[in-house]
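Please read the structure below before turning to the comments.
When the chains are written out, they are named A, B, C, D, E and F in that same order, and each has its own residue count from 1.
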Amino acid sequence: MERRAKKDVRILNLLPVTAPGIVSEKMLNYMNNYLEKETVVDVWQIGYGITTTGRPGEALPGGAAKYGPHTIESEYDEALAGPSVLDYCQKAEELGYDAIFIDCFGDPAVKAARELVNIPVFGGFEPAAHFALGLADKICIVTVMSNIISLMKGNIAKAHLNDRIVNVRAVDIPVDQLNNGEKIIEALYKQSMKSIEEDGAQAIILGCTGFIGVAESLKNRLLQAGYDVPVFEAAQCALKMCEVYAKMGFRQSRLTYMKPPVH
Amino acid sequence: MERRAKKDVRILNLLPVTAPGIVSEKMLNYMNNYLEKETVVDVWQIGYGITTTGRPGEALPGGAAKYGPHTIESEYDEALAGPSVLDYCQKAEELGYDAIFIDCFGDPAVKAARELVNIPVFGGFEPAAHFALGLADKICIVTVMSNIISLMKGNIAKAHLNDRIVNVRAVDIPVDQLNNGEKIIEALYKQSMKSIEEDGAQAIILGCTGFIGVAESLKNRLLQAGYDVPVFEAAQCALKMCEVYAKMGFRQSRLTYMKPPVH
Amino acid sequence: MERRAKKDVRILNLLPVTAPGIVSEKMLNYMNNYLEKETVVDVWQIGYGITTTGRPGEALPGGAAKYGPHTIESEYDEALAGPSVLDYCQKAEELGYDAIFIDCFGDPAVKAARELVNIPVFGGFEPAAHFALGLADKICIVTVMSNIISLMKGNIAKAHLNDRIVNVRAVDIPVDQLNNGEKIIEALYKQSMKSIEEDGAQAIILGCTGFIGVAESLKNRLLQAGYDVPVFEAAQCALKMCEVYAKMGFRQSRLTYMKPPVH
Amino acid sequence: MERRAKKDVRILNLLPVTAPGIVSEKMLNYMNNYLEKETVVDVWQIGYGITTTGRPGEALPGGAAKYGPHTIESEYDEALAGPSVLDYCQKAEELGYDAIFIDCFGDPAVKAARELVNIPVFGGFEPAAHFALGLADKICIVTVMSNIISLMKGNIAKAHLNDRIVNVRAVDIPVDQLNNGEKIIEALYKQSMKSIEEDGAQAIILGCTGFIGVAESLKNRLLQAGYDVPVFEAAQCALKMCEVYAKMGFRQSRLTYMKPPVH
Amino acid sequence: MERRAKKDVRILNLLPVTAPGIVSEKMLNYMNNYLEKETVVDVWQIGYGITTTGRPGEALPGGAAKYGPHTIESEYDEALAGPSVLDYCQKAEELGYDAIFIDCFGDPAVKAARELVNIPVFGGFEPAAHFALGLADKICIVTVMSNIISLMKGNIAKAHLNDRIVNVRAVDIPVDQLNNGEKIIEALYKQSMKSIEEDGAQAIILGCTGFIGVAESLKNRLLQAGYDVPVFEAAQCALKMCEVYAKMGFRQSRLTYMKPPVH
Amino acid sequence: MERRAKKDVRILNLLPVTAPGIVSEKMLNYMNNYLEKETVVDVWQIGYGITTTGRPGEALPGGAAKYGPHTIESEYDEALAGPSVLDYCQKAEELGYDAIFIDCFGDPAVKAARELVNIPVFGGFEPAAHFALGLADKICIVTVMSNIISLMKGNIAKAHLNDRIVNVRAVDIPVDQLNNGEKIIEALYKQSMKSIEEDGAQAIILGCTGFIGVAESLKNRLLQAGYDVPVFEAAQCALKMCEVYAKMGFRQSRLTYMKPPVH
């Protein structure tokens, strides 16, 4: 057999926001939880140059685009992130990464990056959605702020998944207050229950890559309420999806994602 | 009656690309062709500061965002345009404009701008599409480069207009070679004929705001071929739509376009 | 430039019902509120011959079709209106009108009239809907009687706008009791609130051309309840749309609206 | 058992056009071909008073609405037929008919008539379509004139059957030249073949109630070309459907078809 | 005329479950209630050999497939029924039946059987659904157990009827406890009311062929609550549909249902 | 962290057909190509008892259901496979497998098996489709025989993926003649080209799990023709998907896939 799975995969986890203090040891361990042990994940953050945090990687001189939104909670924030994200993606490809995870559920510049580079690129939305499709007919996304619901519904419509992803709901807790675990789980539980009972949801996607380590608790609370449904954490789904695509050698269609014309 | 149509409307025509030589006297006259005589259109271009060209307006010191794509022919180009476009939109609102036309059929940052400002904002796509809905059941967009078809189909899907706008076709002539009128009309005619005969199109939208002054010739050629169908030029439709929304006092829904959170 | 906007537009506002006392000075002023000052609107009513009311126009001998429904609150009423409406539309074109507004939200005979004449024809539904598309993702129509909801949902389905216009609700106040302003606004407010909170509506279209002068009050009440959403009055939208189409020289596609065969 | 099938069913076959010479002995025999022997079909034609032709029935004095289109080949023709059709339907109910077939594939005033009377009403479109659904996934309608395609696609869209009825094609032979059997079958065959090979059609509905006695020949020709597909004649389907609904005691939902308000 | 309706129709009513005691004299009378008097219905049950019950028919030696589910309340049950159902269908065709009703609302092996035999085959879902389409825009199915809702929604989606059949609800009474008439009607009434008031349903289909003789009572209770809507019993609809298809000579499209390849 | 990826995954590859000679050393190597080295795949075939072939596994006494179709090329074949497949799936769960791949693109009994067992179950369709969604907007399936196209389109419709998976095409080479590599690739190339040029496909899924080791060649031929598109082999996609779901601990929603009632 000539084709082989790529064994040592390097993934770039790119944070498309400038808020400080997001990357932590705990988060990095958590994200790597389901990856193979040869897989390397480096974390970059726009506005901070290319500094690899966490897992071993090559330290690189800065200089990339340094602007971007504090957090992404609106179409406005997302549009601000575009040029920086693309700048970093191009560098990532040059440095030999096998896949890129743009670490935001709004999928900022994901399609643009797919045009630009020759490696798989995912945001937070698609991987969780595609995994959920294999386990449930009707899916609900529970996100952070209502401001981003229209954007997400737009992404669902663009993906023609409206008949499977039946609603997007928000807990309305700002992104930078996501550390209060108890409060978050309570709010997620409340919205998930409404979605199951009113929207007919049969699976829950946590619609913010900043929701980490809460799926298990949420799943248990729903189970106690009589609902045995899968709960998906977007960042873990995305990193695993990046790993799988890299291993399988999957690359974007150049009929969907043509290379941008050069001037 | 307390409510009155706003009589003196000021529209900003914002070019979201940095290619030089786009704005001309001819283009400005052309664009104003269907506007009321009290309506003022100022033209700004990202990367050039705020210089008002053509119709009388206030000259303003530069300093706004100066980066952006040469032209917009891909998702990549569009993502690059975001921050500059938003910067200029905010200034436009501060300066008292009544509506903004982001002069590109790809609708770059249109939804983000609607969140940011309190005045109507249109790109090239929606106005032509909404006008066409009143005249034909099945509509085809004929654009410039194939690279942007996926983006446009994404916008159509987001707008849930897939059942009305039945295809997007490209003439595959780069944007900066749009001055060869004969060649363009021939290419547009060929694609329009294919769309009528293969896609069932009953109206044609010219899917690039750079197609100016060709609709009439195209319409006549199609008529000679036996097809009496409307042909829409996006820039004229958009400016007229901006004028009408301003006069009617229409403003975006704050449930669809919430104000971006402030940090 | 050869093409010019038509400056002096003449619109026929055709009432397709026979109930007396509908046309008033107040209504006429109101309807003209957003039109350009050179635009002339004449009002005809089926069953009354061609008498121009309100704005100056040519008085003409009667003789046109004289049958029709008292009001339009069902498919049945709408079917009754057809032949008279078409008779008047043909006369309007002969007399040189530039556009026709068939003044009913049910769009009676609108498509038939587009086949018959060579000028734009609108009912109440499309103009408000097409304007709303530029401001909100999800739209609700609030109409008068439940009897006409199926017809309206049929029109929405025919227009393939089901994914944008998410519901049609009724206040269940008969058309000829629409003069009690307080009561109407209260009922409209109640249904609009339900639509926002239960259907996810982000904009409201008043689904009867007889709702006049209530949008502003309704909009304010919704704003006080925390919902900043646009509210559209169908008759104003329709007349403005007629004016714009006439000015732009837009004419229906003859592939969608073929001329009726002659026998 | 209290409920019983109604055994002696009386159906009104109402011709909504004024062209002379349509009703013939041959047509009447043909239409009754699949009905039970106790079933009585009377044929009325608008513009001719209530004269029962063919099968035994009660002769009645005229006086009903006498206007209507020559034939129905456009939205315009259909709108003209409305008031007369409704007038006759009301008389039919008073005279004790059990079901009404409005004998036109465009379904003129069918929904209005369902509101008006308390017995089942069908045009030509729905019965053939509903029967075809049980035999094939993808269905094509082949009709007479292109002028009526938009109307039919509108009816398909209103019925939300777009994903099953994949196209409407026309032979472009005027309704009053439908007697040349050879020519018609050749034209139907050609369009059916195109629909099978290009649209993926798997069943053919003859989209004009005037296509009588051609289905068998068309079916055989398609079979010789290798395509074993059902072919439906609308009038036979409709009369049988009327008989079945009458026997089963089915009546329209008064939530879909509310009674028209009385003034 | 060469073509004639088949007058003496023989229908096989095939029970695809092995639970004893389902076939009763009462059920057989009830099912034949709307059929023509020359029509013969024989009842077979998988697992019991070919024994004709009720109406006169030919007794035949057993030997057919004898496995199958106790009842059908899940995808699992349905998959178990497949081979037996197909075995009996083939025998039925050999014995000269004109149509087959696979007596279960889940439509087990219906499509497979259509491939296999040359006569019409229906389960419980399609006939009731197709009849309901002619009387109401929005339809709800009320079935027995929640377990089968996903399967039914899958069948609705496969049939592309999602926009007409707006929900499936369950009374959650197991199939083998369907003899308590009072309790069933109460439960059906409750779900029907919810569907009318929350889902906008305008007609009710009883989504289990074991619901017999309850439609009339349910319809009356809904009428007393102010809702005049049709209620469909699946088994009666299916048997009548079988009879009609047989009489009309309708046979499945061989482009949709190709003959299975032989090995 | 409490949650951990399961490291040693055991997958059952269940062949739901009885044709001999399908399992070969080459096929097994090929299928394991992209799996982690700790992952064990056992291959069972219905009708042959539980014999583990290829990769090391536990040999088990037979006795499971022994009936099934020779190959699966129709709805009929698929229905025959149901009971055996379910019988084996239950045994697999008892024996501690972590996931099941029912090795057929028609997804026979996949949903039924998900109800029955508590581990992920996939057929060939969903994994390839879900992977393709991340790389292309418009996807075409190229399968073996035309007989199975309707079934596959039904599965696509049930999954609500019609707007992404734009066509299913067949090479019309029987499953048991799939060893002629040259001929197959030529036929696949021809259908893929038609799909790209006529259907607008941007990615190709090989719609039979028996297509093994041809994707690379097909991809290269398409590339030479100017189309750089991904090509997916269903069996590899499915096994990788099984592995990932097992590692992530994903389990089916019990609101979509309720446990079958026990009698």
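Simple rule for what comes next: contacts are C-beta pairs under 8 Å (C-beta built on N, C-alpha and C of every residue); 3 or more make two chains touch, one makes a residue touch a chain.
Just so it is clear, the structure is predicted and the values come from calculations on it, not from any experiment.
What chains do chain B and chain C have as common neighbours?
A, D
When I count C-beta pairs in contact, which pair ends up with more: D-F or C-D?
Result of the comparison of D-F and C-D: C-D.
Need the CA-centroid distance for the pair chain B / chain E, whole Å please.
55
Based only on mean CA positions, could you tell me how far chain C sits from chain E in angstrom?
Averaging C-alpha atoms per chain gives centres 46 Å apart.
Between chain B and chain F, what is the gap in Å from one C-alpha centre to the other?
Taking the mean C-alpha position of each chain, the two centres sit 46 Å apart.
For chain A versus chain B, what separation do you get between their C-alpha means, in angstrom?
One centre to the other, that is 32 Å.
For chain A, which residues are shared contacts with two or more other chains?
Correct list: 137, 150, 154, 157, 160, 163, 256.
Please list, in label order, each pair of chains that touches.
Listed by label, chains in contact pair as A-B, A-C, A-E, A-F, B-C, B-D, B-F, C-D, C-E, D-E, D-F, E-F.
Note which residues of chain A are touching chain C in the complex, please.
150, 153-154, 157, 162
Quick one: which bits of chain B touch chain A in the complex? Just the residue numbers, please.
Contacts found on chain B: 19, 67, 70-71, 73-80, 82-83, 85-86, 109, 111-116, 145-147, 150-151, 154, 157-158, 160, 174, 176, 256-261, 263.
Which residues of chain A touch chain F in their complex?
1-5, 29-30, 33-36, 120, 122, 126-127, 130-131, 133-138, 159-161, 163-164, 196, 201-203, 216, 227-230, 236-237, 240-241, 244-245, 247-248, 250-256
Contact residues on chain F for chain B in the complex?
Its residues touching chain B are 137, 163.
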